Every structure is written in structure tokens, then in C-alpha cells.
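What follows is a single structure, written as C-alpha cells, with notes after it.
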């Protein structure tokens, strides 16, 4: 493994806990915490988003998610609401007091997105979009860096190094499944990546079991596995009506199923001494 | 997915619990249990094996493992003690009262191995050795069928179908990691395979975190993840002196590290209502 | 790469050419040759097999193929005609004067198969069935060792080492595609494996473009690529009526399409100075 | 496979030949041609680049390559000379009369790069950088779209669809190897992708055997395989002193080795009736 100047962890060294400002005070992600990010894949319309945001806030979710600029395999798919979606996210933020995270796909969009969002997400497909890494590295917003679909752990940590060396230390890694030969699941959750990152790096790591499995009924066991394997949090897709979601419906939980997951995860977080 | 005549599970249908006879009474593997199989990769010498067997028995391990016929990538590696190893296994069985499992690599060896062992293991490399599947399917010994290195879940369940359709219903599946592009770990634990198998099949499924990770320091978090993801048990390599093991030393736990793992796993088994 | 005692090639060292006895004199596979093995996936019935055998012989095919014992993913698929299939192969051999190759799946079948066939094939699923490798290594029949579905080149050469170190030097390697994430093709032909093996080993290497692609219309370009990349021969599935083949119909060529392939391959063999 | 509105090929429909303007008249890439792009991985210094450019021009290379903005796994590697590199490319263009291709990594750089280069390359890591695809799709420069490291053929063609639907029809696909479990080679050349693309799409497809293999001694057989498998051209790394290249030295050919490759490729192009 290539030397990590900034992302690496010295033997037995301390872990970084990232603080995210929000109307209700700081939200923390890092060792000792079990922080949950939830929401629909994409912001699809105002009323539905505000409703699900309030529901999730009442359930104890810490951070809201929702895509405004969506990277989609086909140019003919729903590509997100753009700035209109960002405004809805900001409204949900006001309403709930929770910070919001959304994806940034282009260096030219960072300023716009930063006006509305609390956390910038770099998606899997852009994990080695090095210019984007440098630019979010110059931002003062916390960044979630998802692992690339076929990125090794080493390449992922070197991508993190791009952000850190550009000046931004508020960085969170997110394991979201890798591509393998198995076709039953959308991706293969690399649960070992969690303990590998905990050994190699001081950075917080969360897990996205929704993309990792691609099947809603597998999200709960995967989320539980992530927490006891050492993850510092979860990013989960929740949609009020998964069957008519414009993207990722098959992997989205209903609020009820999310509630069940959250109850079970909290029991495990207690065993593992993680705050939530 | 191709139709599973015997391995499949009807919606909400019951799960199979396999009973293994032993001097101390039946050991069970299946839904509601957290059964632990432990021992060194290979039986290397009598005194050491008997000692570790007793240590593991005192710690509450349910089944002993140890290879007598070893499948090794190179013909110049240690290939196991053969029948001498089987005799040591049988002696450990007498001494501890625990059932023993060992690998069978050839149809011609089944009778010999069955004289000494309580459970027959079909290894990853032989998951599609269909003649071997048919022959262990005609045996009255319980069988552990490890997933092939690059077998899909469907192919694994169809391999199970070979055994079941040959007459043997005492079958346990074992997820042990799949081959991917990631090279930091020896294999990639497919934690999602556990919940997939629980949905698709009534068969018990256990996890081998030692082979799945290939690194002893990653075995504990992987084992914990397996249990909360729904696995019915674990198969773990424990060696008194991992640094001088003749095979798989890097992934073997010391007895002390195994003890720590077992304490933590039992806490999670309690949360999940699994007997141990 | 682990040291290869018998399979390795010294720098600039000579290549091995394997000779296969046949009624019409020896058939050679190795550097400088372009040897073609063809025939249906499985021997399905006597009349059809004898007819296709004669057709292929007239086209200049060097060796006939046909499975009598078929490894199939599901136990409920057509598993081959067994000894009856072997007898048909032997009859085709008499009729055409061409040597025949068929797969051996179990150590117990080697003697039986050796009574009828000229070459023993070890299939992908059994590449690490080490007992089988040892036993064919004790045979005096030439052996074709197919690469495992997810075997590295190193593992493949070490499997070859099992056969060579058991005494049999008449060994031919066969690249037949590896398993990757790509699902458009059945497997991914690793064309680079040909030149890698030519660098690392003195053993002959042929390519099976039928399994590698899984689509008949892709077999011809893959076969041509194999020859100019350095392969010493081809193994190709040809069936008189692919649409009603009991296995692998989608990847089987009609005799007419095979004829077209063979014309184009011979032109390239001329450029590459390979005998056929 | 999802429907391709613009990239798809109707049954037996015509193929597109892309014309690239250059001081010496148009260079064509597409069915019936064997067009060769060559040059060092990165533009490292003026004198060396101009020298290799002239050497390659004399050998009959059609297009020059050279990176000015380099995507590198680590931020501490050589990242290219930037605009200085572009100027050197333009000088080489003047000197040789050959068109030049260079990589674009960021939407903000397109205008700058378009001032100097004749063809814009979108690299593997950016194959799903959808904003970049849209922007090069609005350019009037021809584009080479490399396949992502773990992109399926379908995803690749849908990425092409982004460019085509944005208005730019001068699009060339480039297969450059995919990521698999095999570690002997840097990547695995998916030679089957060539015939798959030829069936599914009307777009030209070339092959980069340098990245696909990662080993200079394997570049020649891979290049030859590509041409007979149906590729419309090659992109090859040639460096005057591979052992001191700042990137990709191991996979770069010396001019002498390139000359040998080109002689052999031309013989095959003659057999295949491809112009060069």
C-alpha cells in the first residue's frame, strides 16, 4: 500500500470525529458514534420531501439526504430537479433543523450547492474525478466520499488524500458496495472494508447498505452488520412510496421498515458503545 | 434464478435445523442457533491438536475442525497428514466429546473419512465437483458445503441441490468469501449472501470469517457482522502458534483472541436471540 | 509468482510440442502449430455424432471433442450419456481416424474413459480438484487442463504442476474465459493469458472461444484473435442443429459457420507461420 | 440491454467512419480502417516529445497522443505539464502534420484544450462523469471515450449516448481493459467487447493494448488480436526511454518495438482488408 501522508493512521493513533454544523447544534460522525443519514434517493417533489423529512427527524435520524443532481446511467432517465431540488432540501433543513447532504457532480456546481447544503457528497462514479476532489478539498463544507464501484481500498484512501491535501479535513468515507460477478444483489457490500479502513486510516467511515445490496429486504441485515463491524454510521434510502420512486425504488425502505431497522441498529449500537 | 426443488424455501416456510450426533448429545445448526466450529486449518501434530481441542472445548466451542487432506494451490506445500490426521481428530473427539469436521476431496476417500469424522466438508474448490457432491449426498453424515470462490448464490444452491437430491438432507452451507478485484483482503466476505440464502433457502448457513478476510485482525469484526446479518454459526481458524502454522497462519487467531471474539459474539447472539 | 519447477520456461527456452497418437499418425499441439479440436458440447446420439464427426474430418479438423460425462450446474440438466457416449466417441474415432477428447470428472472414471478416449480433459470446475490432477498425472494419456473460472494464471500453472509432478508430461493448457462483472458475454476471454503463458511456461496453450464468449456470433473473431495472440490451437463447439442442442446451443457453430471460421483462421495461421 | 437511441446499430446497418481534420488532410477511424494513435503516456519535455513525434510520423502513425492533464491515483504523482504540455502537443502537430489527442478531465478545461488539440479524450475514470460527457458532447471536436475500468458494455454505450444526444456525433470508443481478479496483468483486455460493440453499435471502436495489459512485452500480441477481432484502430504508448518515463513506463514500447508491432499489424490489416 502506497504511503498515506494525511489519510493514514499511526499505530493506535486517535480517530477523527467530523463535526457538522446544523441549526440544532453539531452532528458528529466518527469513532464512538452511530450517525444515521436517511432520505429518498432523489428529491422528487416538495410536499413529499418535506413530509418524509419530518417523519425521519421524529424517528431520530441525524442527517437528511436527497439528490438534486443525479448521475444516471442513461441520459434519458430522471436526472434530478437541479436548483429547485436544492431549495427543497434547504426548506427541509429549516423545517427539521437537520443538516442535509447532496451530491456534487461537477466542479462548476460546488458554489451553487454550497449555498443550500451542509455536506457535499462525491459519488462512486466520481471517486477518481480528481479535479472535483481538489475543488471539494478547497471547500469548507464537510465531504462524504463514496468508494468507487471497483476501487480498491488503497485507491479510495488515495482519493481521500486528494481532498485532504487540498485543505479540507472534514472528510467522511462511505462504503457502498463493490462490483463483483454476483448478480443477485446490485453490488457486493465489502464489509471487510470497514475494519480495513479503521486500521489504515483515522477517517470516519459509514456504510450505505441500500446501494450495496440493491434490495430493500436486505438493507436491515446489512445495516446491522455494518455497525458491529465498526462503521461510524449509515446512509439509507427511505421513500414514502418506494414502488413509485423515480430512482432506486427497489432498494428504498418504507418509513415503517426504516423504523424497524433503526430499533434493531440502536440495540447493537448500545452493545458497541456507540452514541446515537 | 433456476427453480430449487429441494433447497428452496417457500414463502415464510420453516427453516431446517441440522442435528449432529456427538458423545455429549446432539449439536444443532440452524435458525435460532449460534454454533461455533473452531480449530486449526490443518492437523499438524498430535500433542498440539489435542491441547488446542481441549482449550476450545473449555471455551464453549461446539464443533472441532482440522484438515487431514489439504487442498493446496501448489503440490509442493504441506498437503496434510492423511489418515494419521484423521486418527488425531478422532482422539480429540474422544477427549472432548465434541464432534469433528474435516474436508473430503475425493470420492474414494469418503468411506475412510467417515470412519473418523462426524461431519464431511466439501471445500470451495470442489463446490462443483459434482461426483463428490453426489457421493456425500449418499452418505449419512452431515455435510458442510462451502461456497465456491466465484460461485453465484444460484450456483451454490444448485450444488446443494445435488447433495439433497442424492438423499442427504443434513446439509449446511458455509459462506467463506468470494474472489474480487480487492487485494487487501484474501477474499471478500459476501455478507449479503447470508440474508439472500435465508430468503431463498431453508438450509442453515454459517460463515467462515478466517478465509473470507485472510487477516486475523479482521476476523472478529467479520464474525460479529455475520451473526447479526443472520448467520447460524461460524467456522473459525484458531492455532496455538499462528506464526508457525503450516498453512493459513496469517488468518488464524490465537486462543486468547478467539476468546475475545467469542465474548463479543455471544453478546450479539443474545440480542439476536440465538442459542449457543 | 511462485516458482514453477516443471511447468516453467527458462528464458528463451524451447517450447514443448505434445504428440497425440491417432490412427492417421501423430497429431501435434504446441508452438508452430494451429491445431483445431471441434465437435458438439455433448455426445447426444449416435447418428448425429458420427455425421458431424465425418463433416469435421473432411473440413480438416485435427481432433474431435464430445462430452460423455457432463458437469452441469443443475442436477436436473442433461448429464451426458456416460459409457454409451464413450462408445460413440470411439466409433467416430474409427470412422474418421481422428483422436477424440472427452472430459473426466472423477478419479474413479479415468480407467473407463481411457479405454475409449485419446485425450483426457480436466474441466474448469475441476481445475483445483487436486486428486483428479494427480490421477490424470499418473495416466499415459495426454491431458487438456482448462483454466478455472476464476483461477489466476499462477494458480493454473500450479495446477499444471500437479499433473507434471505426478509423471505425465503430455499436458496442454486451455484458456476458456474467466468470470468477470460483464454479463453480455458468458465469460470474458482473457486473451492476455495466451502471451503470459507463452512467457512463463513451455507448455502448449489452446483457446476455447465457444465457452469464453457464450455467443456463437462472437466465436469467429475470438478464435482469430487467439491465433495471432500466440495460441497453439482452438477448441470449438460445432453442432449440426445448435437450436436444439441439449447444452451450450447458444455458443455452438453450425458446420457452415465453422467452415467460414476455419478459412479465416488458416489465413492468419499462414501469416503467423503455424502449421495446420 | 437498454435501448440505444443514437449509439445503436440497426441490423446490418452501416457503420460510422469519423473524420479528423489535420494539416495533411482528414484521418479516418471506423470500419475498414486500421488507424494508429501512438505516443508517450504524458508529455514530459519539449525536445523528447518533438523527437518521438517525428519518429512516429515517419513510421506511419496517424495520430499523436500525449497527456497534459494526467489523472493519477495519488495526488503526489506527476500530474502533467498542463497548458505547457498542450503547447508542446500543438508544436508537434505543426512539425508532423498529424492530429493530436489529449485527455480532458474537467468541464472547465474543455475550451483551453480545444485550442490546442484535435481530439478530446475522456478517460476511464471519467466514463461516467456525466457533466463532462455532456460538455464534450457540445464540442465540435471528435471525442475518444474510453471504457470505464468496471463498466459493462451497456453502461459504456449509454455513456456514449450522453455525448451523442448532446449533439456531437464524432465519437470513437476505446476498449482499454477491465478490472478483474487477475493480477499478472494490470487489467484484462476484453477482446470480446470489440465484436460486441460492432454488433450493437455503429460507432468506431479502437483498442488500447498498453493499458489493457500493463506490460510492454504483451502489447504486440494484444494489438494483433485487436485488429483481427474487428477493431478499427489502436492506441499505443511509445516512449523513447520507457525505463525513465514519469508514468506507465512498464507498459510503454520503445520505438524499435513499436516498429516491429506495426509491421506485424499491417500484415494482419492486409488480410482483414483494412486501410492504414
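The letters A, B, C and D name the chains in turn, as written, and every chain counts its residues from 1.
Everything below uses one rule, namely that contacts are C-beta pairs under 8 Å (C-beta built on N, C-alpha and C of every residue); 3 or more make two chains touch, one makes a residue touch a chain.
None of these values were measured; they are calculated from a predicted model.
With steps allowed only between chains in touch, the distance from chain A over to chain C comes to 1. Comparing the CA-atom centres of all chains against that of chain A, the greatest distance is found for C. In whole angstrom, the spacing between the mean C-alpha positions of chain C and chain D is 35. Note on chain placement: the centre of chain B and the centre of chain D lie 49 Å apart, centres being C-alpha means. Of all residues in chain C, those touching 2 or more other chains are 150, 179-181, 183, listed in ascending order.
Judged by the touch criterion defined above, the protein chains are all mutually in contact, each touching every other. Every residue of chain B that touches chain C in the complex is listed here, in rising order: 2, 5, 71-76, 105-109, 125-126, 128-132, 149-150, 155, 158, 161-162, 165, 179. Residues of chain D touching chain C in their complex: 1, 150, 152-154, 178, 180-185, 188-196, 199, 212-213, 217-218, 221-222, 224-230, 267-268, 271.
Chain D meets chain B in the complex at residues 150, 179-181, 183.
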